[in-house]
Amino acid sequence: MSTPLLQVDHLSKAFGKVVTANNLSFEIHAGQITSIIGPNGAGKSTLINMLSGSVSVDEGRVFLKGKEITHLPTHRRVRLGLCRSFQVVNVFPALTVYENIQIPVLSQAGKAHHFFRSLSREVKAEERVMEELERVNLVKQAHTLAGKLSHGDQRLLEVAIALAVRPFLLFLDEPTAGMNPVERAEILENIRRLSAGGRTTFVIVEHDMDIVFSLSDRVMVLYRGEIICDGSPDHVKSDEKVRECYLGEEVV
Amino acid sequence: MGRYVPYLLFGLVGLVLLGIGLFSGRFVLYLTMRVMLLSIFALGYNLLLGRTGLLSFGHAAFFACGSYGMSLCFLHVTPNPLVGVFAGVCLAVLAALIIGFFCVRHTEIYFAMLTLAFGMMVFSLVWNLRSITGGDDGLVGIGRAPCLGFPIARDSQFYFMVLVFFALTVWVIHRIRSSAFGLVLAGIRENPQRASFAGVSVRLYRLAAFVISGAFAGLAGSLAAMLESNTNPFSAHWTHSAEPVLVSLIGGLQTFSGPIVGSLIFVVLREIIERFATNWMLWFGILLLVIIMGFRGGAMGRIEAFFARKATPRGEEGRP
Amino acid sequence: MLESLVHVCLTGLAQGMFVWLVACGLTLIFGVLRVLNFAHGAFYMLGAYFCFSFLSWFGDNFWLGLIIGPLCVCAIGFLMERFFLRYVYHLDLPYQLLLTFAFVLIFDDLVKMAWGAGSLGSPKVPGLSGSVPILGRNFPTYSLFIMGAGPLVALALWAALEKTWAGRIIRAASSDREMASAIGVRVPALYTGVFVFGTWLGALGGGLAVPYVGLLTPGMGESIIIEAFVVVVIGGLGSLKGAFLGSLVLGLLSSFGTRFIPAFDMFLTFILMAVVLLWRPEGFFGEAS
């Protein structure tokens, strides 16, 4: 059994009296698309925040490809290959779309600290940026300010920035929220294609059950900070506990 | 063609400055030198404020480090002006490293207040350590020994040394702004959280911007000490820190030449007002009000936006 | 030895209460409006100058001056908030700070134009001038008065915020302005009101300062505003309790500092601020963000 991409051991977190993560333990292996679902307040955001370094861990440990990252600052985790996108659009608004992608590309290529070399000399980086833009179909808007994009395009940019660092493990936080059906299909196709490409493993937090069950190889159900079910989509669909906790929420 | 206009303009400005150096009287020379020194201070400072989005009220301390470092070197070590400037800049960089290390962990208000506190600590050190710094009298008798063989004792000669450093500053700041590092700084200003998710150590880059801007403040301070032949303890006071902020704002925070244009306006306006009235602060206060309430792009910001709108009908405003 | 120590303590307490009187208005303004008002020092100065003029024109009724002076000043504060500050709340921090700084420049010069650039000696307040022997040494009576006025103002503020309807609204708005607006509080009017009240407190501090500082200069705003900032920051931005405690600490520290290491008294103030901010960024009673 090869080293799991991500290993989570007994992760716990409480905000005051509210327990948002209760002794969570699981593994993520490369190549599978995993979805994390659960009603609001289940602790999904906290989990992503802890794994990406935005929020501190009360107890437990996290390992990325065997290396412990529990207390590493965010940028170090990104350099090791972990990244995330955000539910609410979180781009660089006063910079152009091109520059939004340029920053993670340069950073990943180790060129971000060059303070004397003109940007126009970074040819390889330029090629990579155009690649990333083509991938999400934003080439035409390359020189538009990110803040002035349409909402759907901003969401595409949102995911594109996360992809641009070429992560091994990418957490997508409700990537299709607010997208119209066309955009949604496009982004799903992208995820499927990228996942098949073998470099990036996706973990998606979603509320839309169609997406979850059509896209995922594995589904984890979070409820009140605990994993109440973990397995293939069919297994989860027929689980009693899952049905119970979703009564009143989405009907599976 | 349009791309070369800025370079042509700068060439023109360079020629004008050369002309001033060769043909003007003492007063114009002195005034132009003050504009150039303030520009050096403000260009470096705007890398931190306009580019990286950090408002520091302590940079006067680094200016003073430059002044006093240079002067102490002159008085106790060697009269060589280049060594003196180097000493001043090194002291400023050291101070900026130490102070910056503690301050960049915080943002916004706390950053501003911490830099204010540290800056005023430097001020009180300068004020109280009379035996070293001359206290409220400052250090006097700072002369100008020949620089690389060229005499600079007269203002008309020293002018060219200042001009060289000014040109150097403009070039270096331009390179930094158009580099990857410069882009990342803009990203940190726009969205520090996302920048860290792009793999960038936000704290490290902020510290770098802090130290670089401190270095230029020190350079301006060193040259100022030589210009005035003495040091002024109030150059470390927090109200002096407000000058580069004011100047950058007047010229345009997000533009490259804003700090230069702002310095020109500031120095010239102040001279004019001081000739006819004693209340230049009142008029600058009003000018500042007008800018903040209505013209936040500053002078250059407005001009650039105007040209941008003419060039691309869709409107490509606000270059980072 | 003991009298020396006691006197240093008393001086520290008096100085602390003096800074509190100036800083409480600043704290209130920051707590509700989230604006650090550089011009607060200028309002303090205006309060001092107005009260001084009042004393010179209308004879020696110090108390009447204390009532009318701050009222005049807070009218100016009203103009500043209503027609300028209100329009920059949504802007970034640098613009807000710079707007208040612009007013510092304006007020400083206006004061110079109206009262001259030199210093004015302040008159004595009958009944409160002179000194009182404490443990064999004389201690200024007015300082004792300040030591009493400080806690009195603190108590009055506490009562106003905790027990009155207006106070409750202010507290609500400072912790959650959106909620407050949603339940019908007219937030812009509230902000103006708080700013005016805070300015009034600052000007009152200035008026009370007239016999305490002995000399009025156009630069007096600059020197006190720094100490007020330090107090507001170390107490926790927006916390009145913290500002009170912070003032006490600052006063005592600076008094002991001046007595035993006279060269570094200013330095100590800033070391205090830096140490507190580095150890506990939210200040004594601030909320971690």
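Observations on the structure shown:
By written order: A, B and C. Residues from 1 in each chain.
In this section, a residue touches a chain if its C-beta (ideal position, glycine included) is under 8 Å from a C-beta of that chain, and two chains touch if they have at least 3 such contacts.
Note that the coordinates shown come from a computational prediction; the quantities given were computed from them, not determined experimentally.
Once chain B is taken out of the picture, touching joins the leftover chains into the groups A | C. When chain centres are set by their Cα atoms, the one at the greatest distance from chain A is C. Here B is the chain whose Cα centre lies closest to the centre of all protein Cα atoms. Computed from the mean C-alpha positions, the centre of chain A lies at a distance of 42 Å from the centre of chain B. Per-chain CA centroids place chain A at a distance of 49 Å from chain C. Here the spacing of chain B and chain C, counted between their Cα centres, is 33 Å. Note for the complex: chain B touches chain C at residues 49, 53, 55, 102, 106, 108-110, 112-114, 116-118, 120-121, 123-125, 127-129, 238-239, 242, 245-246, 249, 278-282, 284-286, 288-289, 292-293, 296.
Only residues 36, 84, 87-88, 91-95, 97-99, 101-106, 108-110, 112-113, 117, 222, 226, 229-230, 233, 237, 263-264, 266-267, 270-271, 273-274, 277-278, 281 of chain C touch chain B when the two sit together in their complex. Per the touch definition, chain A reaches chain B in the complex via residues 52, 54, 73-76, 78-79, 83-84, 90-95, 99, 102-104, 106-108, 111-120, 122, 125, 143-145, 161-162, 164-165.
In the complex of the two chains, the chain B residues touching chain A come out as 175-176, 178-184, 186-187, 190-191, 193-202, 208, 314, 316-318, 320.
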